[in-house]
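Both complexes below contain chain A, partnered by chain B and then by chain C.
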Partner chain A sequence: MTETSLLAEIRQAVSESLDRLDGVIALRRSGTGVAPHLFQRGDDLSELVIEPKYPLMTVVSRLHKRFPEIRLGVVARGCDERAYVEMAKRNQIDPQRLTIIGFACTAEEAQECYCSQPYPQKLVVGQPAPAGPVNPLVAEYDALSREERFEFWRRQFVKCIKCYGCRNICPECFCEACAMEDAAWVEPGLLAPPFPTFHLIRAMHMASRCVACRECERTCPAHIPLTVLYDLMRRDMEALLGYVPGADIDAEPPLSVKLDKVPLRQDVGV
Partner chain B sequence: MEYKNVETTCIYCGCGCGLYLEVLDGRVIGVWPDKMHAVSQGKLCIKGWNISAFLDHPDRLTKPMIRRDGRLVETSWDQALTLVAERLNAIKAESGPNSIAFLTSAKCTNEENYLLQKLARAVIGTNNVDHCARL
Partner chain C sequence: MVEFEPRIVAFMCNWCSYAGADNAGVARLPSPPNILPIRVMCSGRVSPEMVLRAFRAGADGVLVMGCHLGDCHYDSGNHRTLKRMPLLRNLLGYVGINPERLRLVWVSASEGPRFAQVTTEFTEKIRQLGPLSAEVSHD
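What follows is the complex of A and B.
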């Protein structure tokens, strides 16, 4: 399928969805670039595009929270759908009010993203491309000794300008209070931020959440290979706890505690 | 319900990074980096990411103020600018033009910065012009 016909089919699917939904979140040519947009009935769909990708589920979440009744659609890649799965489990998106218009990424995109599943489960448009390779940096990292690994990250994280872009752009970072801004965890006023706590806090919080969308690495002004860290976390999650973030909406995240099922303290039933 | 993203340029420094202001029903609720921007290519620093924070900030000055008896009092632009002009003239007459310095800002446009140095050099008569980053 050519890219033009892929786009035409997506626009057609969006147009049909708009008859029964309050709006569809997708990308739109805007000014000289491309940005997320809420398309509504009657809008010019010739402005709808599919790249460069943005974390569109964050927009869905914001609108779902602000308007508790609205029914939305979203034009989604595989990583968008995986982000949705983990957000829905944590009450950030209401699955009952979301229609996913899924499309397959190209083989080139899958390669570039090192994507293991470059298509959504709800595939509406396009043909699944083969998975991309594993980031070669992961194998390089595996070959290092413990001391060399520490040195590897020290050299990477010293470049950090503490923009918080990795957190800001992450669809799975939605806490109202962030430990990375809490003086109890991260001493304020240091640049580069404290090593290794600053980045490892985020890495630990991403365990069972990171869906490998690679937005953090793309937005990092310091070119830190953050997704190597998160790929390693994802690998351990699967090997040790049998959990693949984003794969199954019914699978419970192993690191989440539901107080109605597991009381924190048996004696007081809290 | 109207959600859109408005393309603009970060005003915090001279780099001119590209960003979108995320607007929901007429209010700015966030920022997206402009991934296709020639300069910033989808990256921002902490200031760019927070560029919208001052828009509705309660400490933001929205009217000219004059300090009277240690308190800031709202006034008109005419009154404020007249006071500034009178005081600058008085200080210049009393202590000379080099007793006055002008500090300008990367948040201003090139044209605004040009005008400020013009005011300093041609009107007041001093080369004391510097920049907010060296305050």
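What follows is the complex of A and C.
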């Protein structure tokens, strides 16, 4: 399917769904760029675009909270849908009031994102592209020595300007009080302290939530390969607790339920 | 050169491990003075942030102690600890900090000897590993 016919089909699907929804969230051409937009009946759908990739579920969440009756649709990629799954089970989005108009990413996009599932479960438009490769840094990570690992991340974390962009763009970062802004856990006014608390806290918080949308990495002005760390945590989460964030809306967040419900799958030597 | 003395922060739950430490004391069982005890109501209260802050503040090792599975005063607080700590250990390993510096153990209120043994073993382990500052420094 060509890019243009994909877009045409998405616009058609949005147009049809607008008959029974209050609005559909998608990207809209705006000046020289694009911006999230709530398309409503009568709007010019020729302005609807799908690039560049942007996490729209955050916008859905805000509108759901602000307008408790509103019934929305959203134009979503595979990662958007996974983000939705993790947000819905944490009460950030109401599944009863959301229709997902899912479309498949291209094979090139899947490669670029190292995406293991570049299409939503509810696929409305497009054909599923093959999964992208595993990030080579992740694939080769286990072979690194302790010293190499430390040096790699030291060189990365030293670039951090603590702009909080990784957190702000993340669809799964919705806590009202952020631990990374708490002076008890992250020293204010210090960049790249020798012990990387800032990034380790975020990596721990991402372990059961990260849906590998790569937005944090894309947004990082210092080009820190954050998702290498998060991919490793995702890998461990699956091995230890059999949990894949974004895969199953009925699977409870594993870290906050009893072992009887989600047991350990590995001997952790305790 | 002054010999390295490990600094170890030990989070102990109020209901089992802290009482276990008391039990060791009452029984006059020696345990290393390197341990800085921090009493928490439940091992499930020990967040990753608290462990990381202990390391940041200069701990060379962190022990998290709680009730044995099935004995938690809050039924399943230690279930969370058991899921969380292995992930945190792995994460430390990924950024080049020896995961052995963090250990989770269950110590019940009657296990004074076990408390003495665990703290002694862990202190010796950290003594072998050396100071954390050497591991996270660079030039």
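Criterion: the second predicted complex is superposed on the first by the 253 of 270 C-alpha atoms of A that agree within 3 Å, B and C clash if a C-alpha of one lies under 4 Å from a C-alpha of the other, contacts with A are read in each partner's own complex, and residues count from 1 in each chain.
Everything below uses one rule, namely that a contact is a pair of C-beta atoms (placed from the backbone, for glycine too) under 8 Å apart; a residue touches a chain by one contact, two chains touch by 3 or more.
Fair warning: this is a prediction, and the values are worked out from it, not measured in the lab.
**Student:** Where does A:Met204 make contact in the superposed view: on chain B (first), on chain C (second), on both, or on neither?
**Tutor:** In the superposition, A:Met204 touches chain C alone.
**Student:** One more residue to check, A:Ser116. First (chain B), second (chain C), both or neither?
**Tutor:** Once the two structures are laid over each other on A, A:Ser116 reaches no partner at all.
**Student:** Mind working out whether A:Asp22 is in touch with chain B, chain C, both or neither, as first, second, both or neither?
**Tutor:** first
**Student:** Tell me the contact category for A:Arg218 with respect to chain B and chain C: first, second, both or neither.
**Tutor:** Only chain B; A:Arg218 stays clear of chain C.
**Student:** Which holds for A:Thr106: it touches chain B only (first), chain C only (second), both, or neither?
**Tutor:** neither
**Student:** Have a look at where A:Ser30 lands relative to chain B and chain C in the superposition and call it first, second, both or neither.
**Tutor:** The answer is first: A:Ser30 touches chain B but not chain C.
**Student:** More residues of chain A in touch with chain C or with chain B?
**Tutor:** Tallying touched residues of chain A, the top partner is C.
**Student:** When the two structures are overlaid on chain A, which partner does A:Leu232 contact: first (chain B), second (chain C), both, or neither?
**Tutor:** second
**Student:** In the complex formed with chain C, which residues of chain A make contact?
**Tutor:** Going by the criterion above, the answer is residues 141, 146-154, 179, 182, 184-185, 187, 193-197, 199-201, 203-204, 207, 229, 232-233, 236-237, 240-241, 254-259, 262, 264, 266, 268, 270.
**Student:** Any idea which chain B residues touch chain A in the complex?
**Tutor:** Chain B reaches chain A through residues 1-7, 18, 20, 22, 24, 29-37, 42-46, 48-49.
**Student:** In their complex, what parts of chain C are in touch with chain A?
**Tutor:** 48-49, 52-53, 55-56, 69, 75-76, 79-80, 82-88, 90-98, 104-106, 133, 135-138
**Student:** Sort out for me which residues of chain A touch chain B in the complex.
**Tutor:** These residues of chain A touch chain B: 22-23, 25, 30-38, 40, 52, 54, 59, 62-63, 66-67, 70, 161-165, 168-169, 218-221.
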